[in-house]
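Right after this note come the structures.
Two complexes follow with chain A in common, the first pairing it with chain B and the second with chain C.
Coming up: the complex of A and B.
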């Protein structure tokens, strides 16, 4: 009887581990399958073509150039290597345009053949270079969407790094105080309060940030806008705090009493014991706390969406609005047509996020294994 | 006995005829209110209203999973093609108009802008309020996220299809636009008229010396010939009591001649 129960438990454990692993692998496969088709897509919106007159010397245009033309910022062919003629723009309004040698038109591909004397501009496909090295994110721009992830990547890294810089000293300080110094009564109050922070929905943090923090930052720093990377970092730091504190405090508590008492017996003060014995002993646990905190900050969506301003520009300081990758996915995925270029570009962002997290965990793995080797 | 069962089914079915309305989140509050009152005055007809966005509603109408599609934009070229391919004729009815208001911080001295100035501000060509007669503080531009119909509509009408500046701050909801504009001195943004409150100031927009209204129609799409239930709902919305609901909610009512 006992054997059968044991066997059952063993199988249940195995199955749950297998199912979880399989689910994670399937999710990763799904992520890649959705995103990877992006670079096989034409740069122009599907089903449409950009045409110019057959005699136009301009053969190729980059997506950035097309945006400049259709925004009216470049209005002469000579800027694009053509003749010194003004550019005339036609957008598709269900009429076949009357073309001349100065015009560029955006029309459904099926009508190209019915227009005499025109040539389709070679736009090529969406290139990885434009995607990973692009500085402009205009996913719904017509006729050519611009998917440049640099500003989003920069925004994510800025906010997460700043958040972890704010959260780490506070989080470790609270953890050390709670695990080593706090009297039982204070510990009993502090622990549930910190853990309560983790239970607050992120929208609440976001709204708190928008209504309280953003005006405060704006007034105290005399900034034109309060929605900045700084505001996002502070909100994220508060949100990452419970994770860092709980994990770090748990790690500190695993230090054997004997190690501490040996240190104290040798005449070390309590502070010396904490910083020379306890913390080095559980360094890998503290590192895990840091990583989990960073993970929380990198992936957080809603709170950041509300306080960072979401402007897709590469920030040059902490006090500028930024747009992060998770916020972009959350804000845009709902309306992006499934399977379209925009949809795939957003999944590609998910893949980037996946690799950031992977990189962090691998580096921590390496660091902690090196640490262990030193101890032996 | 069998007859009784069939009869019962027919009675229940006719009582529970559920009319489905789906689409734009902008039209949603109005359609919900209209449906609520409509169900009170004509018992026996169940009307369900759900959001999801203009595109979603139109797609559902194409697939036959909704009876009426709500939309804050007219049919796109591709969508009209698909209806034609399926051999379906689609009816468009304007049920009200939604005015977009350009809002600024209450302390802003500027009271009116031309359409061109507005375009330049949202395109990032004008960067300080002093360039349009205000204080010498930077302009902070708030827009909605790209998924919003309002974002597209403002881009098409005011910016004439040009792109917003890259540095524009994009907000996830109308409420957050109002909140941010009310607490940022140099802010400018746009929201639907029903959302405007005293925490922000609206600007007058002019073009060639005349007022330039940024108004969009709120539309219902349904297949023709219309089922009588659909037709009676549409008639109710366009009736005086239906239009009064729209007016009370802050929308602009439809002049009768426009629809007939």
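Coming up: the complex of A and C.
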């Protein structure tokens, strides 16, 4: 009987571990399957073609050039290596355009053959270079969407970095106070409060940021809009604080009493002991706290979406609107047709995010294993 | 001249009466051993001498403790300053996770000494006094954790010597070491006597009789007997002392 129970428990444990692992692997596979098809797609919207007159010397156009043409920013063929003629644009409005030498038209591919004297412009496929190195994110622009992730990547890193710079000094200060200085009674109050901070849903933080922080920043800095990278960084800093404090305080608590006593017994003051012995002793643990805090900031979606203004521009200051990768996915996935290029581009963003957080977890793992070695 | 004078010390952990009316004097440049069974209060008493018990919550104390003539529990006492006069070596070697050199230099650096030349001299001298110099002079930059347990303990002694204390407290300094390392530590204690006043807590009766000039026997928080080591071991006055040193309990 006892044997059977033991066998059951063992199997239940094994099955739950296996199912969890399998689920995670499947999610990763799903992510890759959805995202990776992006680079097999033509740059022009599927079913449509860009055509020019057969005599036009311009053979190839980049997605950026097409966007400039259709936005009216480039209005002469000479900018594109053609003759000195103005560009005439035809967008698809259910009727077949009348073409001349100066025209460029965006029409369903099925009508190309019915137009005499025209040629399809070779746009190629969506290239990884344009995706990872592109500076413009216009996923719904017609006729050619632009998927350049640099502004999103820059926005994510910018906000996360600023958040960690705000959160780190405070977080470490609180951790040191809690682990080294606080009397038992205050520690008893502070610890649950910090842990409570971790339990607040991120929408609430976002709401707080939107209602309190954003107007405050707008007024005090005299900005056109208050929804800036700065607002996102502050909200993220508050959200990353519990992670940093708890992990760092735990690390500080692993420092043996003997190390502190040795320092104090040599005439070192309490502050000298903290900064010269205790912190170096658990440096790797504190570093892990920092990296985990960054991880928390990088992946956060809702709060950032609500307060950063969501402009996909490479930021040059903390007081500009930015758009982060998670916020982009959350905001755009609902409008992107399933299986389309936009949809796949968003999944590709998810893959990028996945690799960033993977990198973070691996570095935490390396650091904590180094810590274990040091303690022996 | 007495280095340490304790007057009617009572000490409590919360409600527990750990030391009962202890008075004793320790002469300069002598080795005094505190012996007694576990929990008798000898380590607690040792830690009163450099106010190490301040770090434990819920303790209280009455009585007076004079170190080199100064009441260390009086008003306006700089505890950090006190601890640089009264060095301490702990039961388990506890070097810092720093290089051998930096371990010894630590006390000087926290005291605000910047002169590199002076620090270098002091480190060498301290390591020589602790009979460790020959073993480590070629690897001063190596981590202290690479040393053996006995070497680490001598490093801890060197570290304490570097700040030039008048008194060194040793809390069972050899209890975690093998016999050979223990013998080295004992030789060291003997040689340090000329310059330092040493108080050593030990479980090892032979050790007490080998290294100390005076011995104090603690039992259940009381100082049962205190006198010359030879007298304590050869002609103990109290029956409890007799029983303990002959191994009838403890």
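Note that the second predicted complex is superposed on the first by the 341 of 376 C-alpha atoms of A that agree within 3 Å, B and C clash if a C-alpha of one lies under 4 Å from a C-alpha of the other, contacts with A are read in each partner's own complex, and residues count from 1 in each chain.
Rule of thumb we're sticking to: contacts are C-beta pairs under 8 Å (C-beta built on N, C-alpha and C of every residue); 3 or more make two chains touch, one makes a residue touch a chain.
Computed from a predicted model, the values in this text were never measured in an experiment.
When the two complexes are overlaid on chain A, chain B and chain C sit side by side with no clash.
Contacts of A:311 after superposition: chain B is touched, whereas chain C is not reached.
Look at A:67: by the touch rule set out above, it reaches chain B but stays clear of chain C. In the superposition on chain A, contact of A:169 is made with neither chain B nor chain C.
Taking chain A as the reference chain, the count of touched residues is higher for B when chain B and chain C are set side by side. Taking the Cα centre of chain A as vertex, the centres of chain B and chain C in the superposed model span 140°, given to the nearest 10.
Touch criterion met: A:214 reaches chain B, while chain C stays clear of it. Contacts of A:258 after superposition: chain C is touched, whereas chain B is not reached. Annotation: superposed on chain A, chain B and chain C show a minimal Cα-Cα gap of 52 Å. Only residues 184, 256, 258-269, 272, 276-277, 280-281, 374 of chain A touch chain C when the two sit together in their complex. Against chain A, in their complex, chain C makes its touches with residues 50, 52, 55, 57, 80-84, 87-88, 90, 92, 94-98, 106-107, 109-111, 156, 159-160, 163.
Interface residues of chain B, counted against chain A in their complex, comprise 53, 55, 77-78, 123, 137-138, 140, 145-147, 152, 161-163, 166-172, 176, 179-180, 183-186. Taken in their complex, chain A has these residues touching chain B: 47, 67, 70-72, 91-92, 94, 108, 136-142, 151, 210-211, 214-215, 218, 224-227, 305-306, 309-313, 321, 323, 331-332, 334-337.
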